[in-house]
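In the two assemblies presented below, chain A is common to both, partnered first by chain B and then by chain C.
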Partner chain A sequence: MNRPLAPLTDEERAIYEWQIWVRDFGEEGQQRLKNASVMISRCGGLGGVVAYELAAAGVGKLVLAHGGCARPSDLNRQLLVTYESLGRPRIETMTRRLLDLNPRLEIVAVGENVNEDNAARLVEQADVVVDCAPMFEERLAMNRQAVLQRKPLVECAMFDLEATITTVQPGNTPCLACWCPSVPPTWKRQFPVFGAVSGTVGCLGAMEAIKLIAGFGQPLFNRMLRLDLRDMTTQTVSLVRNPNCAVCGSLPRA
Partner chain B sequence: MQVTIQYSGQLKLAVGCASEQLELPEGATVDELVRALAQRHDNGARRFFVDEAGNTQPTLMLVVNNRQVPAGPRQTLADGDEVMLLQPISGG
Partner chain C sequence: MRILVNGEPKTVRPNVTVADLLVELKVSPQHVAVEINRQLIPRRLHGETRLAEGDQMEVVTLVGGG
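Up next, the complex of A and B:
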């Protein structure tokens, strides 16, 4: 992200005025967002909120991957999906909703989920990757590519009223495969969750991406933040790299 | 010695409680703890703890006093340790 930064327009200065006031961010931080691209794997309950917050914050380009058509059970949490869009490709509605908020946004809309075949191409287009997918096959494919391409990866997850989030900086922190080397054999595709839980961790994921791009604050490197909204407790777990990790174990420190 | 175990995610539902305490011999390792829990919760939750060969599930994150630790025979526990078992969760 060391390329020359396109300047802000007067309209952008007006729109982002309140966040340009944020200490350590300022106009240069806003320029960095404008000139940055973020790839989001699935824009459902979790990734949809990440995308919406990043569109609101003025990130210049979003690469979105999400397959399938909107279903009634999406509506409790997938805030980019509308009632009127039921039965239609989700990615179409998501793109329209994001452009309603920010028409300056460049969107690469991919109507398929991440897999081993498309992960490299999707990650190539981004400065930062945010992983919000439900399937561990997708998450592990995304992680592999993020590590190979040395792109930071924000790992967001939820279950019931719990959420976890950590940020991978390949070579310097554990990657997803360090602590989840394969698909957990007990994992179930459908699970209990409220939209307010996915929204909470989605906002945290967006904030991690903003900090990574603008270069301020302390991202969740080597740490996993765990939230339990049932009793409103938080826990920070120190993570360690796995020297035998098949994905990043041989990667030297960056 | 006594350790406190905390559960999260699907594992919490599978074992039916958020936390419990366990008596272990002095010098017990995290692997021995996991095997003891697999035996205690043999009725339905065993696969969360160990694979078919009886080894600690590679996707089970072991956190001792807020620090992730690798599974293995060299990682010993101490009296009063708090051990959280984190089953990876995802998005959607």
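Up next, the complex of A and C:
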């Protein structure tokens, strides 16, 4: 991210004024967001909130991957999907909702979920990746490409009232495969979820991406934050690299 | 014997294995990653890896919902 930064317009200064006041962020941080691109793997209950917060914060470009058509059971949590869009491709309503909020946003909209074939070209287009997919196959494909391309990856996930989030900096922190080398055999496509839980971890993931891009604060490197919204407890677990990791084990420190 | 599980003190049987402790903690071994004293313990070694007094164990639940 060392290319020259396009300056803010007067309109952008007015829109982002209140966040430019944030300590250690400032106008330079805003310029970094404007000049950055973020790839979000699925924009449902979790990723939709990541995308909306990053669109609101003024990230210049979002690369979005989400397949399928909107279903009634999306509406309890997928805040970018609308009642009117039921039956239509989710990626269309997601794109429209984001542009309603921020028409300056550049969106690369891909109407398919991440897989081994498309992961490389999706990651190529982004400075930061936020992984919000509900299937470990997608997560592991995204992780592999983020490591190969040495792109920071925010791993956000939830189940029931529990949420976890950690940030991977390939070579310097464990990657997803260090502690989850293969698809957990009993994980199912459908899982219990309130939108308020997936949205909570979505907001945290968006903030991680903002910090990574603007270069301030301490991202969740080598740490996993776990939240249990059932009893309102939090835990920070230390994570270590697996020297035998098939994905990042041979990667030297950056 | 006293150990720390996710930062919380816990009394467990002396020299208990990771696999047995996960059963006692009612945690499915297929859904967790385990670290002892900051070393990741691969799942295949859970049955033969024994805990010692003062060990720090981290149990990381694998959740993948999005």
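Definition applied: the second predicted complex is superposed on the first by the 254 of 254 C-alpha atoms of A that agree within 3 Å, B and C clash if a C-alpha of one lies under 4 Å from a C-alpha of the other, contacts with A are read in each partner's own complex, and residues count from 1 in each chain.
In this text, a residue touches a chain if its C-beta (ideal position, glycine included) is under 8 Å from a C-beta of that chain, and two chains touch if they have at least 3 such contacts.
Just so it is clear, the structure is predicted and the values come from calculations on it, not from any experiment.
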item: Clash or fit, chain B versus chain C on superposed chain A; value: clash
item: Touched partner set for A:Leu46, first chain B, second chain C, both or neither; value: both
item: A:Ser198 touches, of chain B and chain C: first, second, both or neither?; value: both
item: Which of chain B and chain C A:Cys132 touches, first, second, both or neither; value: both
item: Partner chain in contact with A:Glu92 - chain B first, chain C second, else both or neither; value: neither
item: Chain B versus chain C as contact partner of A:Glu28, first or second or both or neither; value: neither
item: Chain B versus chain C as contact partner of A:Gln235, first or second or both or neither; value: both
item: Intersection of chain A interface sets (partners chain B, chain C); value: 42, 44-47, 131-136, 139, 156-159, 162-164, 179-180, 184-187, 191, 193, 198, 224, 226, 235, 237-240, 242
item: Chain A - residues contacting chain B, complex; value: 42, 44-47, 131-136, 139, 156-160, 162-164, 179-188, 191, 193, 198, 224, 226, 228, 235-240, 242
item: In the complex with chain C, residue positions of chain A that touch it; value: 41-42, 44-47, 131-136, 139, 156-159, 162-164, 178-180, 184-187, 191, 193, 198, 224, 226, 235, 237-240, 242, 244
item: Residue ranges of chain C touching chain A (in the complex, touch as defined); value: 6-7, 28, 30-31, 33, 35, 38-40, 42, 58, 60-66
item: Sites on chain B touched by chain A in the complex; value: 8-10, 13-14, 47-48, 51, 57-59, 61, 63, 66-70, 84, 86-92
